[in-house]
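In the two assemblies presented below, chain A is common to both, partnered first by chain B and then by chain C.
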Partner chain A sequence: MIFELLAGNLTHGLLLGGVYGVATMGLSLIFGVINVVNVGHGQFIMVGAFVTLILFTALGLSPVIAIPVALIIGMALGFLFFYTVMRKLIKAPELASLLATFAVGILLEELAKLIFGADFRGYYWDVGKIILPFTTIPMSKLYAFIGSIAIALFLYFWFSKTRSGTAVRSVIEDSEGARVCGVNVDWIYALSFAIGIGITVMSGVLLTMFIPVGINPYMGGAYTLKAFVIAVLGGLTSPYGAFFAGLIFGLVENGAYTLFALIPGVAPFSLTVSLAFWMLFFLLLVKPTGLLGKK
Partner chain B sequence: MKKNIVKYYPLIPVLAVYLIMFLIGFFMPGMWQMVALLAFYCALGQSWNIFMGMTGYVDFGYVTFIALGTYGMSLGITYFSQFEWLGMGIIVIGLILAMFLAALAALLEAAIALRLRGAYFAIACIGINEGLRYFIEGAKIWGGSEGLIFFGALTQSLGRETVNQLTTFWADFSVFVIAALAAFLNMHYMRSKIGYALTAVREDEDAAKVMGVNTTKYKTLAFLTSGLLGAAVGAMAWGLKLGHVYPGDVFVIHYTIECIVVVLLGGAGTLLGPVVGGLIYGLSKYWLAIIMPGFQLLIFAPIIIIIIVAFPEGVIGVLKQRVKRTALEKYIV
Partner chain C sequence: MLKVENIESGYGSMQVLWGPSLEVKKGSITSLLGPNGAGKTTLLMTILGSIEPWGGKITYEDREVTHLPTHKKVDLGISLVPEGKHLFVDMSVHENLVMGAYRKEALKNIDDSLELVYSLFPVLKERDRQKAGTLSGGEQQMLTIARAIMTKPKMIMLDEPSQGLAPKLVAEVFETIQKLEAEFGLTILLVEQNVVASLNAASYVYILHEGRIKVEGNPEDIRGSADIREAYLGI
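Moving on to the complex of A and B:
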């Protein structure tokens, strides 16, 4: 019985983990390239969720179409945000960039509240389901998982095979060296920031398949914190590390929830969230370069 | 001896501002609540600035200390108010518990997180804050997410009249005292070996280490001081004044952000900065809440961004440059 439950929850955890991975890749990319922790990260996920919701409910378009739309909106937001705010803060002390990204997060939250109100919303994308012996998986979740793998692979090929991807990697490695070799570092900063935000907004689309009635202007904060844990797990500067760490995190989260639920007299949900942060803290302590990061 | 006093001159404008605020609140009817709010922001800014201003480390989880302070006071009152003979002693016990919890957290955090730098440190601090909050909720200790409500217990053991006095006057008054104490400690650290060591840490930690500065010791000291002051503010302004505590209300990163905004508005690493920042932030928040309730954050967010981008030194940072080589130089630090 418990094993069935565990197997079922771990399956869901793996599917969600893929989305977590994509949701964190942007954070890692931005930290890797411009060395800024985007504290307003989750709010961009919220933007993606609202994009999907509007396309689905107002225009009747499927979430599949929302993915490219979210990428375009996200990249536009990324460029806007980079050229108006972040460009001047790359060399500034952390205090400035942390506060600025947080303020942008608040701005997005408040704008979303102004436009859509503070209610919880959701939509239901009915595309059938798969029945396994131990659990039932809605096809929408499976599509989200496939989508997350596709996005991760796409990013992988962009990184390793294209010219601009190689330039980004060189900037992560050594920005001064890259500048000397003729890489337009300032453009790479802007581009990778925009792509980072773009992926994040896109992950918001995928995430909506997992939260049937959880779309809300203030949903982002929780995901910012989860993304921190995942990013540190993956080594903080490595987007692929982040993807695999996302899978691990999804499994751990759902597995731990199942086990905590067996303990009488506790609130398993909160304990699971708390476990994630103790994990983060412990990890920073023993291996700040991340589980999958290099020494 | 004279030289010793001279070095505390910059405290004069700070204390003068606090005194004026207090007098306005005390003698002008209806002003006390606003003045108390301003003192709250000044005290928190000043306390946060002790650590950040001198070391350059950004403690994003500072609210942990405020929250633990609140819990200390709440626990003290909840569990000790049944002993009638303690009387006002329960508040002292609450404050001691607040200090104890905050010290424990600060030392643990310092031992572990302070080895990290920059973004990693900020993330670790957020992690500790959230971890604690959800642990309290999840393991259902200290009332779990239902929190502790002890206003009734407090009234029962001290009497309605006393409690009224305590919550409407003495709780706020003690925030003034903490603010002044924070300013004094900040000044004291700045003008002693501790300050020089911490400045060295801020400029180049590795170099400071090589030169034989015990960076860990001084960083821990500043961290602890900053945390204890924050906990005292929490114990008084949230614990004693409100009479209840819920984990979801106190372990909220937004309050750290408020501290940062206060410090940044006034000027990071300056003594007068948090006071000016606290006044500007507190007044504008108070005013915005009146003229457009519900939209404060929408207005604040772009303002914060503009300030960071356009003038990161803050009001006092700019003023300090202006008064260089004038008679005022001694007073504005």
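Moving on to the complex of A and C:
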């Protein structure tokens, strides 16, 4: 019985982990290229969730269409945010960019509240389900997982095989070296920032398949924390590391939920919510260079 | 080929260059000497545009390029072997060389350029697939020069290329530089701490001190003046 429950939760955890992975790739990309920790990260996930909700409920469009729309909206927001705020802060002390991204996060939350109100909302995309001996999986979650793998592979291909992806890698390694090779480093900063935000907004689309009534202007903060933990797990500047760490985090989170539920007298849900804090705490103990320390 | 006039620049609000001027003649080796902290690195970075000039004028092949962005200067054939190498240590030797040919024009000639750098530095061909970070100090310096050659330059600026190398390797680096000038017709602006070797290699010399050009002239004249040697070069 417990094993069935565990197997079921781990399956859901793996599917959700793919989404976590994509949600963290953008954070790692931005940190790797411009050395900025985006404290408003989760709010961009929230934007993706609302894009999906609006397209579905107001226009009747499927989440599959929301994915490219989210990428375009995300990249546009990324370029806007970069050229208005971030560009001047790349060489400024870390505190300046932390405050700026924090402020942009709050701005997005309040704008969302102004437009949509503070209620929890959701939608139901009925595309059938798969019945396994130990659990039932809605097809929508499976599609989200496939989507996350497709996005990760796409990013991997861009990174390792294309000219602009190689330029991004060279800037991550040594921006001065990239400059003397003739890489337009300032453009690579802007492009990576926009793609990082674009991927993050896309992950918000995928996430909606897992939170049937959880779309809300303030949903982002929890995912910022999770993304930090996953990014540290994955090695901070490596988008692939982030993806695999996301899968691991999804498994641990959902496995832990099952186990917490066995302990009499505890509330497994709230304990699971604090799990990310505990993981971050222990990671920083083991890796004292902390979030901002490279390697 | 390159003319720098009254250039001023620095970091934040700290001014480092106070209007030095210099000229690099086509197909020659020009040497820029001066003590640590004089502003030599800052001057090369300002010429390439990774530091924005505050004032003054930079002309390259009769064209004003003072505020041209770095990647466009690389397109025009200006190349830098930076101080501290700035290699991509997690990439292979081959990938580093391919990065050197990043600009479209350089990419068209990549096969010829690769053949050229492998003939200049056969050890790089042997270590083709190895990560740049695993090379010895001398090999890394060769890779840095090779990467600059891959950009298909007309002019190469080298910032202390012999820094930290054993004497035998220092001699090798200077031989390579002279070969680039004599055999491949490249124009060279060489920043060095190694005064003796630079005076031997160069056809014209500038001495930078506290952000200003204090002395310029033929290497023979500078070698011959005890005053100059004592005041600026410590030899």
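Throughout what follows, the second predicted complex is superposed on the first by the 286 of 295 C-alpha atoms of A that agree within 3 Å, B and C clash if a C-alpha of one lies under 4 Å from a C-alpha of the other, contacts with A are read in each partner's own complex, and residues count from 1 in each chain.
Rule of thumb we're sticking to: contacts are C-beta pairs under 8 Å (C-beta built on N, C-alpha and C of every residue); 3 or more make two chains touch, one makes a residue touch a chain.
Please read these numbers as outputs of a predicted model, since none were measured by experiment.
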item	value
Chain B versus chain C as contact partner of A:Tyr83, first or second or both or neither	neither
First, second, both or neither for A:Phe154, with chain B first and chain C second	neither
Contacts of A:Phe228 with chain B and chain C, given as first, second, both or neither	first
Partner chain(s) touched by A:Ala96 [first = chain B, second = chain C, both, neither]	first
Touched partner set for A:Ala167, first chain B, second chain C, both or neither	second
Contacts of A:Arg179 with chain B and chain C, given as first, second, both or neither	second
Touched partner set for A:Val273, first chain B, second chain C, both or neither	first
Dominant contact partner of chain A by residue count, chain C or chain B	B
Which of chain B and chain C A:Asn35 touches, first, second, both or neither	first
On chain A, the residue positions that both chain B and chain C contact, one per complex	none
Touching residues on chain A, where the partner in the complex is chain B	31, 35-37, 39, 84-85, 88-89, 92-96, 98-100, 102-104, 106-107, 109-111, 114, 221, 225, 228-229, 232, 236, 260, 265-274, 276-278, 280-281, 284-285, 288
Chain A partner contacts - residues on chain C that touch it in the complex	48, 50, 69-71, 74-75, 79-82, 85-91, 95, 98-100, 102-103, 106, 147-148, 151
Touch list for chain A against partner chain C, complex	163, 166-167, 169-170, 173-174, 176-186
Interface residues, chain B side, partner chain A - complex	52, 56, 58, 60, 112-113, 115-116, 118-120, 122-124, 126-128, 130-135, 137-140, 144-145, 253, 257, 260-261, 264, 268, 295, 297-298, 300-302, 304-305, 308-309, 312
